[in-house]
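The structures considered in this document are given below.
Shared between the two complexes below is subunit A, which has subunit B as its partner in the first and subunit C in the second.
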Partner chain A sequence: MIKILAACGAGVNSSHQIKDAIETEMKKRGYTVKADAVMIKDINEDMVGQYDIFTPISKPKLSFEVKIPIVEAGPILYRIPSMAEPVYDEVEKVIKKFSLK
Partner chain B sequence: MSEIVNLANDIFQPLIKLGAPAMMFIVLTLLAIAMRVKVSKAIEGGLKLAIALTAIGQIINLLTSNFSVALQAFVKSTGIHLSITDLGWAPVATITWGSMYTLFFLLILVILNVIMLAINKTDTLDVDIFDVWHPAFCGILILYYSHNNLLLATCFVIILGTLKLMNSDLMKPTFNDLLDMPDSNPTTTTHLNYMMNPIIMVFDRIFDKCFSFLDKYDFDAATLNNRIGFWGSKFAIGAYLGVFIGVLGRQTVVQIFTLAFIGATCLELFSFIGSWFISAVEPLSQGITNFLSKRLKGRKFNIGIDWPFIAGRAEIWAVANIMAPVLIVVALILPGNGILPLGGIIAMGITPALLVVTRGKMIRMIIIGVFEIPIFLWAGTAIAPCVTALAKTIGAFPKGVATGTLISHSTCEGPVEKYLSILIGKFGGNPSLQSGAIVVLALVAYLLLFFWYAKQMQKRNAEYARVAKLADK
Partner chain C sequence: MAGGVFKLIKKELIFIEQGKTSTEVFNSVGKKLLKLGLVTENFVDEIIKRESDYPTGIDMSAVDEKLPSIAIPHTETEYCKCKNVVIVKLKNGVEFKNMISPEENLTVNMLFIILNNDKENQTGILADIMDYVTTKENLENLVKCNGEDDIYHRLANKNIESCEKQCS
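After this line comes the complex of A and B, so read on.
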């Protein structure tokens, strides 16, 4: 199971859209992923450590170094498939590169 | 207009009698199907909205039935009249989506967006359907005070929609700057909280002239957030507030514990349930976006999404953390305030606009933010009767609670727009020369301030363009 962390302002709207979109698309591509959506202010080093990929909307400013791969997932929020495609490709690339399971 | 309302009433009255959850289940599902969403997806969305409405009603019940007694005791023992229960944004958003008018205003705003894009008055395609509840709530305020003057409400929603689209274009280069986004990135937002920008800009100019020396005391926001850690999380804050109200309300130890845990539970559940109703609107949002983007092929545009794409900037949270205790203190001493911050205490409705105008100058964000607090608290107090009435009409208000109990949101986005809506609504309810003059004056002042702000932003954007050109050379 590949664990993905999505984050946004309230952990309610944008991050849930990202979570749902990535879960749906990755399932289509044959991967078992589980994404969680959280409030970005609640993220800390321990929490990030429990995930394989971090998919914020845009580059976040955090007080620690994120050691897992980051894929910026903002374009998913435009709801236009052709614009979201590169994000999914990037996630897939990361999964392959690190042979995540 | 009145014929339309009557016709709508004839059609919708039987639906409305079913109760808000059932009505919205049917209406949202049909609307999504009309937007060519797959039937199963449409039903899924409708069902989620119905359960979100039902669930939020239960949590409001849990919170108000426990807190209203303690709040009354708090008023009695301290003499401070803060009896309105602050639910934060999620319940207010949910009950606003429980009103059919919200769907009507959504339709109006989508049409407005298409027209403004077609005549090149904006470059923003707004796909943030969920946040339509903000302008829709302003419309509902007008309806509430004007005995359902739909024409007035629609006019104001259109004005607001137009300004929001203009503002989204104005802010675009600043977003690129704050997030290191290339020009090719289309992200922007029409969120109502950024309509506070003009007022913040006034303060920011005062800072430029008189207090710019304070900027050198700016500190790193990310480090501060890390230090605060879980102590600033929703459930922790909910627990403090339960203890605070319980102790000052002279409750027993058992009751104080109960209040602390119920406060924490409700604050967590409100946003959890909030996520259901956002995913409820999701199929409809996708349907509308498909419809719009198909018709706008070849037109280059920016895309308006919900505000948190800038939530990665640590300043937003650092300032919200610092403002939380200040919010309580101001609430306690502010004359005319009736609301004790609870659900709305993490002031996400205040800090993003501060970040955009000051571009991350921490000291300015904090000081201007503190000066803004009264505007938000007074607005939260002013909208309480309408929020309570709306909750009652959609059946999300607990029956057991004393009739005088009011609910509201202490840091609701767009406080100035809320006042304007109330003024306009009162004018509609009781038209007179005096109330008309007040509305006209208020609107003129509001628009003048906005256009002054627009000028400032155009100057800022010209500067961005100049720097970008230099970098190219």
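After this line comes the complex of A and C, so read on.
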């Protein structure tokens, strides 16, 4: 199970949109993925350590270094397939590069 | 506009603002919302702070060069006393930062301010707004509207002909 952490700064649950979109698309591409949606202010180093990939809306300024691969997932919010594709491709690239399962 | 979101839009919650900065606009609209009892006392401060920490500008030129950019300002549920989408037409393009690339400035012409006092059901509102603004011609026609009534009718898709006559 590949674990993905989706995050937004917002209060409109944009992270949930990211979570749903990535889970659905990666499943279509044949990967078993579970994503969690959180707000950036709730993130700490321990939490990030539990995941394989970090997918924030945009790269946040955190007080610690993120040691897992980061894929900026903002374009998914447009809900336009051609804009979301590059994000999904990047996530898939990371999965393959690190042989994540 | 999708039925669900359209129900959250009221004629009295459509504003045309002259402010030149996001702070000016938030102050002006916030005062009106406070008077209507729709937000708390600290709503204005909170929405200004939220916008500065986590900007909500959406670069619509990424979708189509002709489209004006928008923003979806909002703040935590505890500062809202209702569930509505406030529509603000900005007479002057106002600078907002891009939600997806926060160092980048965007000139924004339309705001969809999301007021939501319900912690649970947020996801749909943003998605519906995005579907609306990314659908051909919706946004282009919306910014051409001059008055609050025009804007309301355009969103309601009512009387398209009379709106076009007034808007062109």
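Following the convention adopted for this analysis, the second predicted complex is superposed on the first by the 98 of 101 C-alpha atoms of A that agree within 3 Å, B and C clash if a C-alpha of one lies under 4 Å from a C-alpha of the other, contacts with A are read in each partner's own complex, and residues count from 1 in each chain.
Just so it is clear, a residue touches a chain if its C-beta (ideal position, glycine included) is under 8 Å from a C-beta of that chain, and two chains touch if they have at least 3 such contacts.
On a predicted model such as this, the values are computed, not experimentally measured, just so you know.
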Room on subunit A for both subunit B and subunit C (clash or fit): clash
Subunit B versus subunit C, judged by how many residues of subunit A each one touches: B
Determine, under the contact definition given at the top, whether A:77 touches first (subunit B), second (subunit C), both, or neither. both
So, does A:34 touch the first partner subunit B, the second partner subunit C, both, or neither? neither
Is A:42 contacted by the first partner subunit B, the second partner subunit C, both or neither? first
When the two structures are overlaid on chain A, which partner does A:14 contact: first (subunit B), second (subunit C), both, or neither? both
Look at A:3 in the shared chain and tell me whether it touches subunit B only, subunit C only, both, or neither; answer first, second, both or neither. neither
Once the structures are superposed on A, label A:58 by its partner contacts, choosing first (subunit B), second (subunit C), both or neither. both
Applying the stated clash rule to the superposed structures, which of 40-48, 148-156, 220-228 or 328-336 from subunit B runs into subunit C? 148-156
Under the contact definition given at the top, report the residues of subunit A touching subunit B in one complex and subunit C in the other. 8-14, 16-17, 40, 57-58, 74, 77-80, 83
How about subunit C: which of its residues touch subunit A in the complex? 50, 53-54, 56, 58, 62-63, 72, 74-77, 99-102, 114, 116, 122-123, 125-127, 130-131, 134
Listed in rising order, subunit A residues that touch subunit C in their complex are 8-14, 16-17, 40, 57-58, 72, 74-75, 77-80, 83
What does subunit A use to touch subunit B in their complex? 7-17, 20, 37, 39-42, 44, 56-64, 74, 77-80, 83
Okay, in this complex, where on subunit B does subunit A touch? 89-90, 127, 130, 179-181, 185-187, 220-223, 225-226, 229-230, 232-234, 271, 274-275, 278-279, 282, 285-286, 289-290, 293, 303, 305-314, 316-317, 320, 348, 352
